[in-house]
Amino acid sequence: MRKILEVQDLLLRFYTYEGVVKALEGVNLHMIEGESLGVVGETGCGKTMTGLSILSLTPSPGRIEGGRIFFQSDEGWVDILSLDEETVRRIRGREISMIFQEPNAALNPLLTVEEQISEVLIQHRREEFIKKVLNAIEEDLQKTERKALSRAFIYKIEKKIYENMLKNPKSLLVRVFSKTPILRRYQNRLRKEVRREVVRILKEIKIPDPERVVDMYPHELSGGMQQRVVIAMALACNPKLLISDEPTTNLDVTVEAQILNLIKELKSKFGSSILYITHDMGVVAEICDRVAVMYAGSVCEIADVFEIFRNPLHPYTKALLESIPRPGKKFKSIEGTVPNLVNPPPGCRFHPRCPKAMPICAKVKPDMVNIDGHFVACHLYRKGRK
Amino acid sequence: MELKHYIIRRFLLLIPTLIGVTLLIFAVIQLFSPVERAALYIRDPRQARDLPGIIKKYHLDEPVYVQYYYWLREVLRGNLGYSKSVNMPVLDAILNFFPATIELVLYSAPLIVLLGIKLGVLAAIHKDRAVDHLTRISSIIGWSLPSFWLGILLLAMFYGQLGIFPPERLGTEASVYVNSPNFIRYTKINTIDALLNGQLWIFIDALKHLVLPVTSLTIQIVALIVRIMRSSMLEALNKGYVLAARAKGLEERDVIYKHARKNALIPVFTVTGILLAGMLTGVIITETVFNYKGIGYWAAHAATQLDIPAVLGFALLAGVIFVLTNLIVDILYAYIDPRVRLG
Amino acid sequence: MWFRLGIRRFKREAEPTIRELKFSLNRIKSSPLSIIGIAIILFFMAIAILAPVLAPPPKGWRDPYMIPHEGWDPTPKPPSAEHPFGTTQHQYDIYYGCIWGTRTAFYVGFVVVGSGVLISLVVGSIAGYYGGVIDEVLMRLTDIIFAFPTLVLAMALVTAFGPSLESVIKALILVSWPSYARVIRGEVLSVKQNDYVEAAKSIGCSDFRVIVRHVLPNSIFPLLIMASLDIGAIVLTEAALSFLGLGPPIGFADWGQMIAFSRNWIVGPPGDPYKYWYTYIIPGLFIFIFVLGWNLLGDAFRDILDPTLRRR
């Protein structure tokens, strides 16, 4: 089983009025094909930024200043951060896609469901659909009788346009036709093919009555449905890696359960790898194979999900697990507050709140060590100790 | 709700709004003395001699609501009074001068809309760079220039010094020809009529005379549109669906024009309502400065002559136009933004 | 003792506001355009205040706002030692007119906006607070006024009142208060929802007290911003009305009117087309820069205070 993603020493800084926010300070993690990796941590620890960095979509004034993000794309094992924009665009939506926290915000209120999903399809699977259209045109041509010359003529023109679209999408013929009002109707064939696929995808995502939903606007759908549409958009091109950024945080528990089941199903059916960002350990326990725990801009611990719960090594992970409220147990929270990322504590960023802090923790940032597949970044476990 | 239902509802709302407009005008009328008010009902200066008769006929000595009824009745019949400054009934004056203004608006509006949107989008996309600063500064300058001053400066430069773009609607020769029986006035819009009559030289002459007023009008209003388009575009670019669109791997061009701009155009539509107000206001000044004889010129001229029926007739007309165009804008808005249709 | 306690509490409560204010001031300092705007306005204020010194009216002249003129020669004369900006039609001194015109501009701007704000405060807060029929009626009224473009309605009103500076001011007030009232009403409506209003009412505060002490202070801020931005537009409209001849009497120190005088002199004799440039360029510059100053300030305010655009 090979790696599909490897993030090495990712460094992200935001240059703001209040100072330089050191958002990500040496993030290290990796993913194997077909697994789902949960990324957990408190709000502000950098989980979302890590996800956005993988897609090279960090908002300004943020700047990635160091590190590499390797991905197993169709073109081989590449460093996403070193690619030019056009190449990255080909990866986005097709090989790696992302689901956002607020489905409402991710959907354009002025476009129907069909329009938004077909966008992705046309962008990345164009040729496939054009070929289908050409086949359909051929069939139609065969079926027309000798006498229906005008219809045959129209088909021949359509065939010409679509062949052109295939070979040279920016050709004059295509451009003229797509801008002129009546001539634009040639696009109907493509729309039909794409629409069929959209409906099929919606069915896969278990959206009821897809034929109707396809023509609806986002505000006409419930939160759960909207999120399903967002998932449909993300999966439309069968991506290798799906980044989900807290997709169920804004939904009711029952809807959340449905969505989680859906994601589990899709994972087993399509074999996609999932990077699941969340702050909810319960969700992690349910659907993740491995877990990465983040704190204040770097990864503390990565391990198999059972391992993490049974044998958490990093003090932060331990504290996190202990703070999960359980009936009968006294409520325990972690002392102190999340550090200010403009002036983070030196050395290990957790040391001011760590019950096991040692003098070295305030000076040197711990490297990540591998203990039989269980990764920890903590001086308690550094080489030579334990 | 369906778009159709929304349209019907808006149309129904039209009636009370128009009534409101008439009420306001009527309220302004009440500020005048009865004698002055009488001038609103006559179509012919000779009728003015029979003052007591007029007062009786239109019930000007009776309570306000009765007066309102009779006044409204006359208005709906087309009797808006007599404009002494141009020696013709108000309605005739409107019909006479309106085409000139339409011609002016015809050439200015598309320019304003296209330029405004294009520049606003450009400024937003290249925020804080040269294009943005240039556009914003020009827009602030355009917004601060007194309209009449801009017109005067343009006149001084292009007419006074260069002599290429003259004021008024037509040169003397063209004027004479246009008023002769050889020239058929289909629309009273000189450029169109000239083409319809096959007289190319008149078409060019009319265009030459239009350049300065159109420029003057455009500069002021574009300034406003650019500013609003820019801020609405900036807002749209920050929205979640723009990030989502990028994450889908769409070309940047699609992200900007298909997603951000489409949403950004929404407030611009409402601003188009303000655009209309700007036009109706702008033509008053612009037409006056350039001696361009459209309704703006007529209204301004009438105001200085204290030609009350003319001023009020113009105000009424402006109000009605404004209300109607807002209606159209609202419907367009509902067409574009499906959320609005929920009512 | 109460006083001291009050100050301490005020300081504590105001702390976040003061911090935000400092941030805003910082933003203002770093925006060159807003500094230019402030500088322009201060410059004009200085001129207005120092008018009697900069352009003293001749001895025995009754109304300093009437521009002195020597004779009735219709041809404008170029700038000279006696007339630094030259004279316009009928020998009105342009320098004098522009200096005293600054006072007119400020007067019109502040009176119109000030009155508009006061009226709208009353109307808007009543409409927003009591809601119901009162609100509906007031909203319809503002709707109707909005149905007219500003200049058109102002023109009709000035004609009705009889052209004069006071009529212009009255007309402009009538035309501008509705937009402020709408803003106040909106703010009042949103503030009304707050718990502390409920709390105040529940302990028996009279409606008036609730409005004045709780609702208004929170709603006034955006209104003041809007109003100060408007000063530029108001002065432009007033200048336009004067230009059309619907403003102060002839010879009054008003920028718009001075440009109206220049209309016959825009095109000079052939060979020297810009001969009478001083009749229109100078007063025009005064208006332009004055309005520009307010607009720059307003734009800067908007950029600075708009919460979505604030950070970065």
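By written order: A, B and C. Residues from 1 in each chain.
Everything below uses one rule, namely that a residue touches a chain if its C-beta (ideal position, glycine included) is under 8 Å from a C-beta of that chain, and two chains touch if they have at least 3 such contacts.
If you're wondering where the values come from, they're calculated on a predicted model, not measured in any experiment.
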Q) Where the contacts of chain A and chain C overlap, which chains show up? A) B
Q. Which chains, taken as a pair, are joined by the highest number of C-beta contacts?
A. B-C
Q | Inter-chain centre distance, chain A versus chain B - centres from mean C-alpha coordinates, in Å | A | 50
**Q.** Intercentroid distance (Cα basis), chain C paired with chain B, Å
**A.** 25
**Q.** Complex contacts: residues of chain B adjacent to chain A
**A.** 239-241, 243-251, 254, 258-259, 262-263, 336-339, 342
Q.
If we count contacts the way the header does, which residues on chain A are in touch with chain B in the complex?
A. 55, 57, 59, 89-94, 97-98, 100, 102, 104-110, 119-120, 123-124, 217, 219, 230, 233
Q. Which residues, counting only chain C, touch chain B once they are in their complex?
A. 33, 140, 143-145, 147-153, 155-161, 163, 232, 236, 239-240, 243-246, 256, 259, 262-263, 266-268, 273-274, 277, 280-281, 284, 287-288, 291-292, 295-296, 299, 308-309
Q. Which of the residues in chain B come into contact with chain C in the complex?
A. 17, 20-21, 23-25, 28, 31-32, 140-141, 143-149, 152-153, 155-156, 159-161, 227, 234-235, 238, 276-278, 280-281, 284-285, 288-289, 299-300, 303-304, 306, 308, 311-312, 314-315, 318-319, 322-323, 326
